[in-house]
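Next come two complexes, and both contain chain A; in the first it sits with chain B, in the second with chain C.
What follows is the complex of A and B.
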């Protein structure tokens, strides 16, 4: 029973990362119809920022989390202005550009961090919360899930209660109709990639003390983000959050009771199955031509 | 008499390297071949210097650079009447097989490398046909790369993962109440499974029951579920066979309150693990790779020249890069140079003939050619291997285990576990 509860706890904590890391991919695709392959590298840049500024130069952790968000948002905006916007009517071109950015960011990370071993960030929040003598939650993970949840709630509030958020959703639903209503699709694209990149930066900054940081860490992130995005419904933000929670719990349970390899293979199989049986995912909807 | 002469020559050579180490360390001399009239002798390193396995490549290059600088500062190395400056040529294959083949050809054909050091595994398997055809002496840290036909492939330092049995012997003797173990490691054939079979054999011989073996892939970003899963079996011992993920696993063990014994093949960057956990938690962890400022390396039988000076020189230039391989490639380099000097030639056939026809001294003492029993060729140099325990936050050698003795008694148990995991044996 203890293992069962601990597994639920592990799964919920993991779901926060999955949701944060996936939401940006969903936003960018929903608004711009571009698959941003460099999204995992945006998470990596967030993690490297914390390693470099906090672990190497002693700046306060929370400050570096904010810095990571600002830096990655900036990178996202540059990508939008100089890559995705010129490729607005060419989704394949945008995709290829994003692959180029992926490699550029990996090389920059190698240059900044040097070759050699993965980087480690000592946890700013030490210690472990013990519940009922057996369920253990490290404070660093507790902090991460709380911040992840707060970020997702803020995003939800922004998208559902603000004019700008409504505009983002409108462009996501029908770009042409939104433009006919006077919504600046260029401006909304900037908002979408800015928010998506900010979420990626935050995910990287939160993951930094909990994982091995290296220039290639975005690879696993993007695979997970794709699974979550496709299962949730491409372009659907609520779908991505629900899929993140479900996938994290599924992956954690299968890893705990069977093996991590089976969990990963099963996750990919589920993605393929969804594409075949229900291409719109959990919350997506079919768009007529 | 011949051996006696070789031994004297060998000691003189090693003293020369050590004296060079002292000179370079004290004066900060960076030798420049611009002022040298010596020819250049190039040794190749076809290793991962970027990517996940860079920690098992790059620090070895840094170590070899120190050795080469020391030798050059002393005036070079004389082989067959010719004095050479030593040059280390590298190729970063990032642990990709096609790049490894390209690197081998570049090092041999363009850089004229007389010997090529490699990490081992798939990259060695990829270069082996070409290297054997060209008769290029190639070294590996993984003896399991050796096949009955790989006559130019030798393992003169690391006998991975055979030496892990010495850690289990120590653990079983010092902590007789520890009776159950779990093994967690990555599921690759070259590192994880070889090491898993060895630990399983060592635990069986020691009377310790393995209650769970968790083999994971390389895509794991969160070790919480894996650690929760195996700790649910209430093991006395947690064993990381040869894991690339020691730091996050140790972190999870700490957070999930594990209080038993921890044994691992490597504990690279253990100071970072201490930063993420605590000194008290990491203290007592058993592994197999010493720091070279360890006083136990000053005892007789250790043939590495000035280990403390080497350790200090390494950490001065690369304070955060010391790993298991930092001293291993230098040991291989020194062994090759000694044999080339004794053979009077830098050509692979002459050097390897001298190596295999003469008694070799292993870096930690002892020295026997082994391997035909498992892989079909006696090209693995084995000897005493250190058992290291973290004590007051520092890695300290507790004893030197008798690997040859263990293998002689228990080879069949090891073979059984290797076959069970589908690993190649003869």
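What follows is the complex of A and C.
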């Protein structure tokens, strides 16, 4: 029973990462209609920033979290300006460019961190909270889930309560109709990739002390993000968050009781099932034209 | 605001959609373009509002060229386009759709006054203001699309097939509101396949066939013209 409750707690903590790491992919696809394959590498860059500046050079952890957000947002904006914008009418071209960025960022990470074993960052927040003698939550994880939740709530507020947020959603629903309202799709694309990359950078920085850091860690992130995006309904942000929570619980349970590999394989199977049975996902709507 | 279109040509993938059309819409006029599917009516409106770039020719409002400007800049010049098929933002509420119509403005007091005016034209939108646009009927979505365009304070209003798929009573209602909007000083360009409706509403009409204007006259003359009666009025 204790293991069961502990697994639920672990799953909920994991869901924060999944949602944070996936939301950028959903935002960018929704607004720009381009699948950003380098999205997982944005998370990786966030984690590397913490490893390099905090663990290697002793800068305060919170400072490096902010630094990771700024750096990754910058990379996202550069990608928008020099790759996705010129490829605006060519989604396949955008996708291929993003795969190029994926490799470039992996090579840079290898250059900066060297090869060899994965890097570890000692948790800046030590100690563990114990509830009812049996459920253990390390403070580092508690910090991560609180920050993830705060970031997601802020994003939700932005998208549902501000005119700029409505404009972001309007562009993802209908670019042309949005342009007819005087909404600049270029500006909104910058907002979408900026916010998405910031979330990815944050996810990487939060994950850094809790995971193995290596140049290929973005791989797992992008698989998770695809599963979450497709199960949630492509382009649906609420769907992505719901799917992130469900998938995190599922993945954590299967990992705990079976193994991580089986968990990922079954996740992909679920994704395929969703594509066959309900291609619109949990929250997606059929596009009628 | 006066609109001048001169020798406008538009190509889609090397197929000529508009083969050089010219017309002038005086300030405050209410005109229509009638024609069958593929005649170039929608293309004309889409080119004026900047969604499509012309391959030749000019478009200007009050003497100022707009044919090189992007769609989101043209709205700020006083031209609003109610696109074919309503194109409301379905996952947003009615009031969010309307506020996005005023996206280019920041003066909240004036925006709220405009909102009241839209609601006075379309009381049903006020009743449904917090409903998602996808839950509205076709007629209500059309009203929302027109209301959204009015929120950008247009001097020229372009409407593409607003009657499509709507019940006759709703069409009647929307027609009356368009006349009201025109009386308030807005220049209105109505594109319609429902020529019968269009010619009853407007002062002046153009007939498009195969990317060319083949005829233009006062609405009552067009309604009595043999070719128009046979081809578009079905009598």
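By our rule, the second predicted complex is superposed on the first by the 289 of 289 C-alpha atoms of A that agree within 3 Å, B and C clash if a C-alpha of one lies under 4 Å from a C-alpha of the other, contacts with A are read in each partner's own complex, and residues count from 1 in each chain.
As a convention for this text, contacts are C-beta pairs under 8 Å (C-beta built on N, C-alpha and C of every residue); 3 or more make two chains touch, one makes a residue touch a chain.
For clarity, every value in this text was computed on a predicted model and none was experimentally measured.
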Quick check on the superposition: with chain A as the shared anchor, is it clash or fit for chain B versus chain C?
fit
Looking at A:220 after the superposition, I want to know if it touches chain B, chain C, both of them or none. Which is it: first, second, both, neither?
first
I'd like to know which partner A:183 touches here: chain B for first, chain C for second, both or neither.
second
Given the overlay on chain A, how many degrees, to the nearest 10, lie between chain B and chain C at the CA centre of chain A?
150
By residue count, which of the two partners contacts chain A more extensively, chain B or chain C?
B
Which partner does A:167 contact after superposing on A: first (chain B), second (chain C), both, neither?
second
Closest Cα approach, chain C to chain B, once both complexes are overlaid on chain A (Å):
35
Quick check on the complex: what are the chain A residues that touch chain B?
2-3, 6-7, 10-11, 13-14, 110, 115-118, 120, 122-123, 128, 130, 136, 138, 141, 207, 209-212, 214, 216-217, 220-221, 223, 252-253, 255-257, 259-261, 264
Residue ranges of chain C touching chain A (in the complex, touch as defined)
49-51, 70-73, 75-76, 80-81, 83, 87-92, 96, 99-101, 103-104, 134, 148-149, 152
In the complex, go through chain B and note every residue touching chain A.
49-52, 54-55, 58-59, 92, 187, 214-217, 219-222, 224-226, 228-229, 232, 245, 247-248, 251, 255-257, 268-269, 272, 275-276, 321, 323
How about chain A: which of its residues touch chain C in the complex?
163, 166-167, 169-170, 173-174, 176-185, 285
